[in-house]
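Residue numbering begins at 1 within each chain, and the chains themselves are lettered A, B, C and D in the order written.
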Amino acid sequence: MPGNSFGELFRVTTFGESHGPVIGAIIDGCPAGLALSEADLQADLDRRKPGQSRYTTARREADEVKILSGVFDGVTTGTPIALLIENTDQRSKDYSAIKDLYRPGHADFTYDKKYGRRDYRGGGRSSARETAMRVAAGAIAKKLLQQQFGVQFYAGVMQIGPHEIGRNGDGFDWAQTRENALFMPDAEVAEAAAQYLKDLLKEGDSVGARVRLEVTGVPAGLGEPVFDRFDADLAKALMSINAVKAVSVGDGFAVAAQKGSEHRDEMSPEGFLSNHAGGVLGGISSGQTVIAEVAFKPTSSITKPGQTVDRWNQPQTVVTRGRHDPCVGIRGVPIVEAMAALVIVDHWLRQRAQNGS
Amino acid sequence: MPGNSFGELFRVTTFGESHGPVIGAIIDGCPAGLALSEADLQADLDRRKPGQSRYTTARREADEVKILSGVFDGVTTGTPIALLIENTDQRSKDYSAIKDLYRPGHADFTYDKKYGRRDYRGGGRSSARETAMRVAAGAIAKKLLQQQFGVQFYAGVMQIGPHEIGRNGDGFDWAQTRENALFMPDAEVAEAAAQYLKDLLKEGDSVGARVRLEVTGVPAGLGEPVFDRFDADLAKALMSINAVKAVSVGDGFAVAAQKGSEHRDEMSPEGFLSNHAGGVLGGISSGQTVIAEVAFKPTSSITKPGQTVDRWNQPQTVVTRGRHDPCVGIRGVPIVEAMAALVIVDHWLRQRAQNGS
Amino acid sequence: MPGNSFGELFRVTTFGESHGPVIGAIIDGCPAGLALSEADLQADLDRRKPGQSRYTTARREADEVKILSGVFDGVTTGTPIALLIENTDQRSKDYSAIKDLYRPGHADFTYDKKYGRRDYRGGGRSSARETAMRVAAGAIAKKLLQQQFGVQFYAGVMQIGPHEIGRNGDGFDWAQTRENALFMPDAEVAEAAAQYLKDLLKEGDSVGARVRLEVTGVPAGLGEPVFDRFDADLAKALMSINAVKAVSVGDGFAVAAQKGSEHRDEMSPEGFLSNHAGGVLGGISSGQTVIAEVAFKPTSSITKPGQTVDRWNQPQTVVTRGRHDPCVGIRGVPIVEAMAALVIVDHWLRQRAQNGS
Amino acid sequence: MPGNSFGELFRVTTFGESHGPVIGAIIDGCPAGLALSEADLQADLDRRKPGQSRYTTARREADEVKILSGVFDGVTTGTPIALLIENTDQRSKDYSAIKDLYRPGHADFTYDKKYGRRDYRGGGRSSARETAMRVAAGAIAKKLLQQQFGVQFYAGVMQIGPHEIGRNGDGFDWAQTRENALFMPDAEVAEAAAQYLKDLLKEGDSVGARVRLEVTGVPAGLGEPVFDRFDADLAKALMSINAVKAVSVGDGFAVAAQKGSEHRDEMSPEGFLSNHAGGVLGGISSGQTVIAEVAFKPTSSITKPGQTVDRWNQPQTVVTRGRHDPCVGIRGVPIVEAMAALVIVDHWLRQRAQNGS
């Protein structure tokens, strides 16, 4: 199977390049009978949209999505749902400067090696612009899950460079993620991180981030051992997001230092007594809160000059002018939610195939 | 697709339970013309085999693999290769004690929720015994990759509880991983960790581990954006291994604290000047060494009593007697290599479909 | 996998309804480096286009296709190719008459049973309008095959009701299929059939047809036993076309009366001495001309009144007014070619994955 | 995906060669909770088994199937079901005579072209011996469908060479198919055909056959437009059977001569008034009896000498000695049923994923 589709039964295929006329997606497998309109998708799209704060790229995109098929009289029909967003701010600037250059840290070199050519305008297909369609598709998945099980998604930025949120005893202040432009669940850290980003922008540099996801209401029983485990598919989904370099579930890398007596989540008639596992046991959801974290690398689109080579392997210096996020992890928050939603809805349908509920 | 297969073009399907008569696998899609015999698989199987040291379970399994199809006159024919291992030490002990119990940290609860029943003998299908077939299949993938590109796999345990290997300037001493029973690339740390494990066994507890993988010789151009990225499929492959809770590529979670000027791997006519990316850019292999790390949780099979419930949600105390690894990450080393090999060979075939080489 | 995609490696996904704003397709897996423009697709689209003669529906559609992604500087990039056609003549007529009726011989009843609702405007998703996208996608496949192997497609209508073309000694006059509006490879039979259709239109009835396909230049070795045989995938592809009720390869149903000594195609150093097999042996292409035939049922959209029921199972009489083909098999010719092209190109890529050429 | 698997959610993968030690299959995706033992599979296997009458090959195979996994305490667990049959009568005869020959009408030539080599012992993987596993897997599908919906399968040989069964007014005498060795639903025709076969055996020749399938109890709503239609997947399933050259649904090729007013199945409050469609409308099952027919070619394994070439393209004469069926369509009957069962169960699970019932 070519690589531009995700999901076995709720299948999302995306297309389009950063500076082509449109980006789009087809969702095949959405059950019939879901009330659906563009408005259902727009809220999440707006959270991912560029140009929303000084900490995100100044590219101005309305990101207004259109539903072209699969919905009739306001309700899904079971046929493929096509989504389209026009690229409105694809500035016809001159890309000749980077046409034959491999920008370090970008996909320029690898796309060229793979395909023998590339659409160099704004990164072409490798641009994170594609993730808008993931967010749109994910919004449909979220609506299904909300209606079916009351599933809720909480996600936020936990770390930006040196600014990290410690865990307090009562969990994180998820409501706060809607209050600050950095989507951080801690107002104080968000403020410090904001100042840090301002300085970084002056330097012409960027920084990485860590994003945390918590999903409540996921029913027990989702996941298909031994390869299509719930956590394995979640790992793939999250690692497939541009710039993500690490994925963890539950206690993540910390488990390397834990003892079994410490890690195992004991059970009582009232339920699990802890959640080190992050809601997955043996690759199957346990009904506990699903917990995952991902690390976003700092974007390589910075104005600090860097060494590289061109297509003829000649040494070159590259400076990325243009409009870029200093911390791509921020806009990554709704994408993380979306990809998790796609995994959950897909595994729900797979489970329903097997046991009819 | 049900969940017991991995790979698009080099497709591995495994079957069998811990205490059934056999475990097995079918490899469909292996190119014709590869010289192959059981001996090619046995070396890796022996590294994973239980009972090899005091740090692994005392279960005695010969793990002798048979090739039942797909090879004729010592050479693969392009038809499915079936592999079979008999379970020889499936002690007919009495499992009635845990028959209706959900052992904390195990898949007992979730399998029951998913399927409405479970084979409780030794964990049934959720047992890590299944991973023997991954190692066997991975060995075929390795042989193909070795012949085609000279790909080499290096993996070892970097951390067991508090005992962690620091990075030296010249990389790790991979040869050392064959010298100590813990597969650690540092003799001194291995010795300390061994003593730690001895104490742990007396306590009746277990511990987690971190495993590192480096693969050299992977050609540039593997990986199918935007979802079936090389690193996304690697993340899935590794997260699908029993007990794995986190996966990272290149600098992993450390990227959250890095700046773009620090992270991006600059290029010169002689090649990349660093490898923070871990051999993947934009989801496509770059030709650099592929670097990944995973965390194994501590097994929950310990003799320290734990609280749990039974199928009727009555409180119970569970103690896991029997034969178990104090640190499942150790035997995880060849499994990590095998899963990576399956990803690489699959993406190589996918790439070859597109460009014919 | 949901049902709106075809192909494993050259994967076509279509979307859109008869009376929605657009129909479209994504082709994922098209190799990079193919020169491609809208003009390459238009010729085949024009052959399928409605309103080309009095023997096809009077619906007027420009069927002008746009390429929205995947092509840069006139050449495919290896990323998904999105195609779009606007529906221009989706007359906003009143569909309330058939809104709750199950037209006999149509998908009204089964769509309702499957999805619990349906887009009743012009058949919605079940309309043959969708096949325009198959023709567009097939044109890309054809161009690839033409360039790679010189593959040529010949197809025509062999039978319309009682008017049937007998086989002459030297094969069929394929050039003639471009000379008459019925795409028949025999001018005389075409004329008689045309008169027959004129009468039929007056009666308000329709008729079935048989279409024959011959493909030359298909290399030997395509097809993946034992299930994804070349002929099995061809059968699926052709049976998936609206109104097709039968598919045969080579001598087809006539083999039931043949003896082995008669059927087997003997070989000489100059090649095969006959082609009863239709170019496929053991599910793998032999390098001979691929021969297949399909039967199209007569459309049920006729003005002769028919008995049926409505959603409340009340008896009703239905008359299909509007614009319809008296013989849908005619416009089926380019669709048959397109589906065969998709099968061949897909199996070529699958074969190339295995042996690199 | 390699070609040795069938089905999306109820996935069957087969392996093994005619003269290897075993043939086998994995069924992945069988719902948990089905009571299952070897006896459930044996009845159908015995119908396909060689050596049951003078009209089938004299090869003696017990064809005793073993269930190696996926069943615990007599009930399926939801994990993969592995099936194995030992090849007991793989006579170690000398195959050197055909080692380098391409037997006309066999897969020898095409396997060599595809894979560059072949297992020439008894046809290797291309042997119809593989279909025993289809029958075994199909028996599981049948049991599921019988329990869930009361689905019943009726199949028989309608034509052997010149001996053809005409349709009587009341359908066919399916009970009779269990009374004669040719599985024909007409005792008289069966007797004449039997005599014909006896003469044919003396001649050293073989003959084709037509097989009809009727399935009752298939619920409405199965099939996934627009490509994975119920009839399209059925066509693929049936065409994937060794020696099948044509597949039809409902009235099949006869529709080319029908008028719309004649073909469309009108409806009344009591149901459909006819079944020209064969139980499928718009690619979705209608709840009517599913009707399909297939044509089996005459086997090319005959003792009449035939011209061919060897691997070095030198002219040769070939005579197939050994044990062969004079009419492979006879033993094809249970295989046709099995493949249809696999299609139905797979589409049932796909439908259940979408609407939960």
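Everything below uses one rule, namely that a contact is a pair of C-beta atoms (placed from the backbone, for glycine too) under 8 Å apart; a residue touches a chain by one contact, two chains touch by 3 or more.
According to UniProt, the chain labels map to these proteins: A, B, C, D = Chorismate synthase.
Predicted, not measured: the structure shown is a model, and the values here were computed from it.
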{"item": "Greatest separation from chain D (Chorismate synthase) - chain, by CA centre", "value": "A"}
{"item": "B-D compared against A-D, more contacting pairs", "value": "B-D"}
{"item": "Superposition of chain B (Chorismate synthase) upon chain C (Chorismate synthase): rotation angle, C-alpha, nearest 5 degrees", "value": "180"}
{"item": "Computed distance of Cα centres, chain D (Chorismate synthase) from chain A (Chorismate synthase), in Å", "value": "46"}
{"item": "Centre-of-Cα separation between chain D (Chorismate synthase) and chain C (Chorismate synthase), whole angstrom", "value": "26"}
{"item": "Centroid spacing, where centroids are CA-atom means, of chain B (Chorismate synthase) and chain D (Chorismate synthase) in whole angstrom", "value": "39"}
{"item": "Residues of chain D (Chorismate synthase) engaged with two or more neighbouring chains", "value": "1-5, 8-9, 14, 29, 32, 78-79, 114-116, 125, 225, 355"}
{"item": "Complex contacts: residues of chain B (Chorismate synthase) adjacent to chain A (Chorismate synthase)", "value": "1-6, 8, 14, 102, 104-107, 109-111, 113-116, 125-126, 130, 159-162, 200, 205-210, 220-229, 231-240, 242, 245-269, 273, 276-278, 280-287, 293, 295-302, 304, 306-309, 313-315, 329, 351, 355"}
{"item": "Chain A (Chorismate synthase)-facing residues of chain C (Chorismate synthase), complex", "value": "1-5, 8-9, 11, 13-17, 20-24, 26, 28-29, 32-33, 68-70, 72, 75, 77-82, 114-119, 124-125"}
{"item": "Complex interface listing, chain B (Chorismate synthase) residues touching chain C (Chorismate synthase)", "value": "1, 9, 29, 31-32, 78-79, 225, 349-350, 352-357"}
